[in-house]
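As written, the chain order gives the labels A, B and C, with residue 1 at the start of each chain.
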Amino acid sequence: MSARERILRRLRAAPQSLAPLPPDVCGFYAAERKRSAGDDRTQRIARFCGQMAGWHGEVIPVTRGSWAQTLRQLCIAKKVGSLLYGRNTPYAKVLEDAGIGGLTPYDRPVDVWKTDLFRDIDAGFTTTRGAIAETGTLIVWPDANEPRLLSLVPPIHFALLDADQLHGTLIEAMTAQGWGAAATPMPSNALLISGPSKTSDIQVTVAYGAHGPKELIVLLLVGEGEL
Amino acid sequence: MQRGTPSDQRPTDVYFFATCLVDLFCPEAGMDAIALLEREGVAVHFPQDQTCCGQPAYTSGFADQARSVALKQIQLFPNDWPVIVPSGSCAGMMRNDYPRLFADQPELQAQARALAGRVFELAEFLLNVLQVKWNERVQDRSEPVTVAVHTSCTARREMGTYEHVHALLGQLAGVKVVTQEREAECCGFGGTFSLKLPAISAAISDDKADAIKASGAQSYVSADCGCLLNIRHTLEKRGDALPGKHLATFLRERLSTPDDKS
Amino acid sequence: MAVSELKFVPASEFKQRTGAAVADPHLRRSFRTAMDYLMAKRAAQFPDSAALERQRALAEHIRKYSLSRLPDLLEQLERQLTANGIQVHWAENGEQANAIIVGIAKAHAAKLMVKGKSMVSEETELNAAMEAAGIEALECDMGEYIVQLDGEKPSHIIMPAIHKTKQQIAKLFAEKVPGASYTESVDELIGIGRALLREKFMSAEIGLSGVNFAVAETGTLCLVENEGNGRMCTSVPDVHVAITGIEKVVEKLEHVPPLFGLLTRSATGQAITTYFNMISRRRQPGERDGPKEVHLVLLDNGRTQAYADEQLRTTLQCIRCGACMNHCPVYTRVGGHAYGTTYPGPIGEIFSPHSMGLATTHALPTASTLCGACAEVCPVKIPIPELLIRLRGDATHPASPGHAPLAGQGAAASLLMNVVWGAWATVYSRPALYRAVTWLATRLRALTPPIQSGWTRSRTPLKAARRTLHEELARRRGK
């Protein structure tokens, strides 16, 4: 008999005097939402920005017309000599046309340039799938166009977020985006990112840039009137 | 847990379960608790056959021995009167652990449950059931005093009687309650823990004594005799003369001034 | 890295160790400061106690529900992971788990394994097994890296190096990290670790991680972390091996947010961690990074023993937030190393007897005043004090009829204690005898011994009153 069979057999042999009903998580959050004052888009944006600031992340409101130039200026100001990005995203064309120096596509398997990726890239740019206002959290689903390490290895992470995709809570984002549903199965890797990497492992003193990015800068796409 | 709030039936008779620690080490607290109840017009019955709730054996993992002692206590209170216990810890044992202790004996468990339903911690009973309103009839003119309160962990977390002690003390104009650092932390007694792991117990107890001293209180009060003895004897060993009293004694002394109009 | 001998204490010596542990003022201050900080941070996250109670009730429900369906969910998880291309392995104990992982590493001719934080791998002592097989196992969580560098084990499940001051860490780095000079700046110390470890992420052939939640329905492994080392270990090397206890599975993705939200708030007082990393597949065709192979090792190691008993099963509700240790007056005084177990503090006291057996751990359940602070803050409402009492009984008695004995059942049974408690029960269940004995005690109060076991170590002797309350009241009635 295998370890698997023995473990399962022991579990199945255990008494089960209680059979709890499936928890109604969505019902729970619906009830919680009723208790709280609802939020509108403006409040969600304000909440997101406040929370992200608490995580040491920077949020810069931009428009569809201005974001790439804002990014270019940020790269100059932060002396970014090489900006890694993913091709074939809906935003790639605008980015490629923005005149950013050292723009580098992540278009090869990591295996062939791992050392360069770790040592030579100053910043990474990713789009996002949305964000969560309650906790100041970006939703990032890496894929073939925007690989996982884009948001991890470069010391600065620029993330473009459409304010239309700002959800109140994690459960709202999961439900609205249908995570794990047949149409949107879970990707190889899905991420929630709340600020730059950090640690408090030495005397509970927070230090940023533990292993991943030292800076996280969110370009928040809003309407002209919301700037 | 809120018990007996508010009660429209004010009991005329109660049982008093003193606890073994009060019996042997702080009998004055027992006398004072009885006096407090009597001055509210309640007849107090003390079954002479009571001993201990059984908690020391129970928490040490000796359930059979605890059961044999608990069984005797369950049979001591035939009338349907409230059972008043001047200790959150022992009241918690009788209210919450007795039914568990007799889980395999349905008949005894039913008895244990019935008893559990009328067990009250002293402060809880005074405040919620008797609804004492001393501030309306007592001029607390004895010397103003600042006190620190140590609430036993059972009272705080299991019995929910933390607020009660504060509410009762709040009825006495001359009493100022000061807070201590890490007030919610255990005093380090833990029953047999203090004997089994004395070094750790001492470390926790010393911190509690430090916190009470540092609070600037002139005195300290606890509604549990175990914690009280632990803190008192710890302070004494350090040569600190800070006096500590059981809640019952403290209240009875304050309420027995000539200004007491009741 | 040279492997120094582990400064590790056997759990069986817990009692003897406590005196030294509480007598170390540096250690006491480190833990006191850190625990005060963590308690305050947690409290700030839960301003509304009623809302917290609703969340705890839901989290407890989710964990109880998941455990009630555990064998089914594990099979579902395995099916789904396999369909997703992730290989699933089962291990009954640490040795088997280590053999599986060593086997995977050898199949890839790995020389270096980078490790994200995994308490389960601490439980199996994987590092030693890897080193024995000639493979370097390098801890990459900053705290874990620090304790590994010093040949120690974690002293806290969330904050592994919490027992160390920055001066100690500065000295350690200056001595052991090539090229590092002495600095007490936390930013610089972290910078030293970062530079060294990023080189290692690049060269490691294999990465190891733990798992916080495994979702059966979607076949998703969820990891909670702040540093990014977990992401590095699970996305840079060609092979990712995750290891977890069998109890970590939940049925649906929607069961995760309530647990995740309470986990981070209870652990470090953060509303969320920097990263929540959900892994459902290995690198897919067209993807440019991520591991080409992903494995999950499911570990029993005593969990089925806890599971077999419905009361003890509640132990498995744990989501490893560490709040119980942060709030424990005993843990705060002795620190994590004194316990000699992978999981210290209250959760360790109720879990270790299953993973290690009561023969070595029987003293641990006594390391509690039963103050209940642990249960009060537990986000999944494990009745820790009740379980401690239960295990105190199991440690000193044979299994009750109808219950299978635990490993090491009755290991602390002692004739003396049986006699003491037997005598106690005799006196306290015979009222006349009790009154006689206590009457005698009051009359002999002048003979009160000045030394009373452990009590008088830090207290003046307990002295009986002049008269018991029984006697006072009998007299009063007689008047």
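Assume a residue touches a chain if its C-beta (ideal position, glycine included) is under 8 Å from a C-beta of that chain, and two chains touch if they have at least 3 such contacts.
Keep in mind the model is a prediction, meaning the values are calculated, not measured.
Asker: Would you mind checking which pair of chains has the most C-beta pairs in contact?
Answerer: Ranked by contacting C-beta pairs, first place goes to A-C.
Asker: Per-chain Cα mean versus the mean over all protein Cα atoms: which chain has them closest together?
Answerer: Nearest to the common C-alpha centre lies chain C.
Asker: Calculate how many whole Å lie between the centre of chain A and the centre of chain C, each centre taken as the average of the chain's C-alpha atoms.
Answerer: Centre separation, chain A to chain C: 30 Å.
Asker: Let me have the rounded angstrom distance from the C-alpha centre of chain A over to the C-alpha centre of chain B, please.
Answerer: Result: the chain centres lie 53 Å from each other.
Asker: As a quick test, compute the distance in whole Å between the mean CA positions of chain B and chain C.
Answerer: Distance between chain centres: 34 Å.
Asker: What does chain A use to touch chain C in their complex?
Answerer: Those residues of chain A that touch chain C are 2-4, 6-8, 10-23, 25-26, 28, 32, 35, 51, 55, 106-111, 114-115, 118, 134-137, 142-144, 147-149, 152, 169-171, 174-175, 179-180, 185-205, 207, 209-213.
Asker: Show me the residue ranges of chain C that touch chain A in the complex, using the header's touch definition.
Answerer: So the residues of chain C touching chain A come out as 30, 33-34, 37-38, 51, 54, 58, 61-62, 64-65, 68, 70-71, 74-75, 90-92, 96, 140-143, 146, 159-162, 164-166, 169, 186-187, 189-191, 193-194, 197-198, 201-202, 215, 217-220, 226-229, 231-232, 235-236, 238, 246, 251-255, 257-258, 260-261, 268, 271-284, 286-290, 298, 300, 304, 307-310, 313.
Asker: Where on chain B is chain C touching in the complex?
Answerer: Touch residues, chain B against chain C: 18, 20, 22-28, 30-31, 34, 46, 48-52, 54, 56-66, 68-69, 71-72, 100, 153-154, 156-158, 182, 184-186, 188-191, 193-206, 229-230, 233-234, 236-237.
Asker: Quick check: in the complex, which residue numbers of chain C touch chain B?
Answerer: Chain C residues touching chain B: 15, 18-19, 21-23, 28, 36, 329-330, 333-334, 365-373, 375-376, 386, 389-397, 417, 421-422, 424-425, 427-429, 431, 434-435, 438, 441-442, 453-465, 467-470, 472-474.
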